[in-house]
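The next part holds the structures, each set out as structure tokens.
Two complexes, one shared chain (chain A), two partners (chain B, chain C).
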Partner chain A sequence: MKILKKNQLDTLWERLARNAELYLPTQKGDQSGFFSYKTLKPEKDTLMLDALNVYLSPKNIVLPQTEMMYSFTHQGQEINLEEVYEDPTPRIIFGLRSCDVKSIDRLDTVFFTRGFVDEYYRSRRENTLLILNACYHPGPNCFCEAMGLSPRESESADIILHDAGEEGYIWVANTEKGRELTGNIEDILEEKEISYPQPRPFTREVDYTGVAEKLKDMFSHPIWHPLSDPCINCGICTYVCPNCYCFDIQVKTRGEEGYRYRCWDSCMYGEYTMMAGGHNPRETGMERFRNRFLHKLEFFTERYGEPLCTGCGRCIAVCPTGINIIEIMEKAKGVEPSA
Partner chain B sequence: MHKNSSENPLVPQIVEVVKIIDETPDVKTFYVRDESGVPFNVMPGQLAMVSMLPIGEGMFSVSWQEEQDHLEFAIKSVGLMTSEIHRIEVGQKLGVRGPYGNGFPVEKCKGKDMLFIGGGIGLAPLRSFIKYCFKHREDYGKIQIIYGSRSYADLCFKEELFELWPREKDSETFVTIDKPEEGWEGNVGFVPAYLEQLNPDPANKIAVICGPPIMIKFVLQSLEKMGYQDEQIITTLEMRMKCGIGKCGRCNIGSEYICLDGPVFDLAQLRQLPPEW
Partner chain C sequence: MKDMTDQVKEIATKLLESGQVDVFMAWEKGDAPHQSKPFFARNVADVEKIIFDEYCIHNLSTYLTRFRDGKEKIAIVVKGCDSRGVVRMLEDHQMKRDRLHIIGINCPGMKDPLEAMKQHSGFERETGEKGLAIKCLQCMQPNPVIYDESLGEIQEPHFKGERFTEVKALEAMSSEERYQFFSEVLSTCIRCYACRQVCVACNCRTCIFDEAKPQWVGRETSVGDNFMYHIVRAFHMAGRCIECGECERVCPVNIPLMLINRKLIKDVDHYFGPYDAGMAYVEGGKPPLSLYKIDDPDDFI
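On to the complex of A and B.
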């Protein structure tokens, strides 16, 4: 088997970063997330290879928080489209976890299927390579397995690393792209037979079985009131969630030039569904809360066959009011269905 | 289908406004085309995103595609972008992208008698289907149109309502306004009441409804009373939209996206959705 010694990490990154934008899990100031290798300041920033999980998911790499769409010029009645900004820069995300790889799968499903391909997403995604760091020690809020994925396997990870401690990482090329990349850096890998680490059990007990079916008849259930009561609709849960993909489209103009861009949006905000003229079909915080959790646990499953939560635990860790998606699943399972 | 060179469904094509019609004090119809004619082909009931590029975009039902020549949008001034669009003049360039959504089931309705029930600007989407039926006259049975608005001035498409449609064969056009008005000799009252009074027989009929939510609600009750089955009733839903291609998330009702799976649903389908419509 191929082994990547830990003292070779710097060499590897330096090599990978020659031909691609490389992102590593990093703590920068009080934020952790996947930051560009080029911007790392060794004296200030800390690598977070073992964190479960870094605060920000890697979704911004395939679906940037703000992304230019196209520019235009206008003068009098005339309008000209200038440039369409699709971004095919090669990118490599190193050290993301199974929950985050799976969330990118879900984004693929959304942006590639059902009649339309989102070209902005496609140009980024098709040029992004994923290096998965397999999980052997699930974190305190992790429950990916319950959401139907394996913490150590993934079809869409191009390379899978298994952390065997002092021995280094077991390096498994998992896709054609992964094998190609491996070919380019083979000289820094070693050939050696070592044993895979022993996985530890999950600390969270979660069972998604039957939740989607149960929720299907719970739209009008009174339980949404007490469940959503603490929520202040701050939207931070949607911001950190690797699966939340909703976006807004806005325009910026200066003089005769302008561009349209898209940016992350949140179903937790009132404006999200506010129609011209003022009517809002999801006027109350409860309705927005209900939509978020039903979307994750029921609507998405109904539409695409899998839930829109990959059990990364981020929303549980960041919610200022203690809302917990695991508890919501448990409570939903516990109630009598409403008429 | 897209003429924009990038084939990117979120990038508009540039069209020119070639004609503007004042329908009512707050509704105007805009005819748009590019050098070669229509920017894309649209089926009745489908949507398109219209942008005043420096200001904003809005999703509208295409109220008619005139052959390969131009698209027509009837737009009511209700917010920032729509009030800006009401200020433009012929010659203005706009962006359009589309077509989006499923459109009316024109095939499934073949051979049926058609009953169109509209209120206010709700006649704009219906108009595409009404005109389609008249254009393919032999494919559809009797055509009845019931339409109401607040006042005479607020009725859209007056020439069609009072002159063109009543002349079509095997068709009836019924118009009502909310309150009596000097010079108005037609019916006075709300659409649902007028509908019950006219009491069109449900046999072999499809009812297509479009209007303000409150009107839709009462019309549905009336139709039910009159013996219409859920499968015979079709309506269109409205939600806020940004992308039009089922990606940006906001126009969902349950697991359906109105921009993609809608905006047209029959009542049987609607009853499967969470009661958010």
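On to the complex of A and C.
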């Protein structure tokens, strides 16, 4: 088997960053997320490869929070398209977890299937290579297995790393792209037989079985009121979520020039469903809260066969008022549907 | 604080049973042991869930906006800082005093459940038990300023020393340094609006940031749009921030929002004061920038 010694990481990153934008899980000042290798300052920033995960998911790399679409000029009624900003820069995300790889799969499903391909997303995604850091120590809020994925395997990760401690990382090329990259850096890898680490069990038992079906009849259930009472309808959960993909398209103009861009939007915001004419079909916080969980756990599963949650536990850790998606699944299962 | 929980439950049972109130706003235990979360009891059966422990940090007065158009009688449990939030709601005419039954708790200081959740999440490099929340270490008003009944011994403020040290350091910077400072701290904003949502002073029905026609503030997460968001937010806090510190506590990217708020507190106090927002409820009372006086200073404009 191929082994990547930990003292070779710097060499590897330096090599990878020659031909691609490389992102690493990093604590950068007060932020923890995937940041470009080029922007890292060793004296100030801390690598988070051995932490469970980082707060800001790698979603931002394939679906930036703010993304330029095109610029234009206009004279009277005539509009000229100046530039379209599809971005095919080669990118490598190093050290992401299985939950985040799976969430990128779900984004692929949304942006590539059902008759429409989003070209902005495609140009980024097709040129992004994923290096999975297999997870052997699930955290207290982790439940990826319950959402139908394995913390140590993935079909779409191009390379899978298994952290064997002092021995280094076991390096497994998992796709054609992964094998190609492995070929380019093979001189850094060693050939040695070592044993895989022992995975620790999940601390939390979660069972998604039957939740989507159960929720079908729970749209008008009174339980949504007490469940949503603490929610302040901020957008933290939707923005740290690696799966939430909603965006808004906006325009800025100055004189005869302008540009269109898209930016993340959140179903927690009242403005999100505000319609021309002033009607808002989700006027109250409860309705927005309910929609968020129904979308994740029911609607998306109905449409695509898998839930829009990969069990990373970020929303649980960062919610200012203690909303917990596991608790919502459990409570939904526990009540009478017709109550 | 087991004892405090029992006392709060006792009051809740009395008020809900007799029909004196329709809703009793307090806390319940969250999913994790170090987590408490806002809880609204609506009947006597709900009361058993109520708790009051060292993680009841949330300012419940913000939730009063949910009930502003109704007629329900509401009981609310408040700590010192939260009680100033109740005054904010009353001064802003978002709630009528006679709809409220206020249970004031003289607060010994709270721990931050959000910080504890993060510490236990596996996402943090350095973990360890944290003491009192930062906002509680900066607290100047642990005892409620408005209440119908109060619980616990009168507490001394945790904050000692010079209140505006950090603000003065900010003022001492050159404008370039300040621009640099704010560019750094505001560039990380993800525009989740948690600071707005958790704020009791942010009780507008339609927020300027949600307006689309015209759109006053762009939605890009760029330094320009982020500056615009934070400047407008800060202006609206002038003379109205009750220093509960919730905005800074909930910010997922640790923007020093209370530093900005304290600068405004200092200026309002200096130009229009002495004034501290929400320290006492006087019927018809208004914050300084909601009033016009002929001798208001204008030399700084």
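Here is the rule we use: the second predicted complex is superposed on the first by the 338 of 339 C-alpha atoms of A that agree within 3 Å, B and C clash if a C-alpha of one lies under 4 Å from a C-alpha of the other, contacts with A are read in each partner's own complex, and residues count from 1 in each chain.
Methods note: contacts are C-beta pairs under 8 Å (C-beta built on N, C-alpha and C of every residue); 3 or more make two chains touch, one makes a residue touch a chain.
Since the model is a prediction, treat every value here as computed from it, not as a measurement.
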| item | value |
| --- | --- |
| Partner chain(s) touched by A:148 [first = chain B, second = chain C, both, neither] | neither |
| First, second, both or neither for A:55, with chain B first and chain C second | second |
| Contacts of A:30 with chain B and chain C, given as first, second, both or neither | second |
| Partner chain(s) touched by A:322 [first = chain B, second = chain C, both, neither] | second |
| Which superposed partner A:114 touches (first chain B, second chain C, both, neither) | first |
| Touched partner set for A:78, first chain B, second chain C, both or neither | first |
| Partner chain in contact with A:270 - chain B first, chain C second, else both or neither | second |
| Contacts of A:261 with chain B and chain C, given as first, second, both or neither | second |
| Partner chain in contact with A:248 - chain B first, chain C second, else both or neither | both |
| Residues of chain A at both interfaces, chain B in one complex, chain C in the other | 248, 274 |
| Chain B residues within the chain A interface of the complex | 4, 6-12, 14, 53-58, 78-82, 88-89, 91-95, 213, 238-240, 242-243, 245-250, 252, 254-255, 260, 274-277 |
| Interface residues, chain A side, partner chain C - complex | 27, 29-32, 46, 48, 51-56, 65-66, 137, 139-142, 226, 229-230, 232-236, 238-240, 248, 250, 252, 261, 263, 266, 269-271, 274, 285, 313-314, 316-324, 326-327 |
| Chain A to chain B touching residues, read off their complex | 69-70, 72, 74, 77-81, 84, 86, 110-111, 114-120, 219-220, 245-249, 251, 253, 258, 260, 262, 265, 267, 272-277, 279, 281-282, 287, 291, 294-295, 298-300, 302-303 |
| Chain A partner contacts - residues on chain C that touch it in the complex | 30-32, 35-40, 58, 62-63, 66, 113-114, 117-118, 120-125, 188, 190-194, 196-198, 210, 212, 215, 218-222, 246, 249-250, 252-254 |
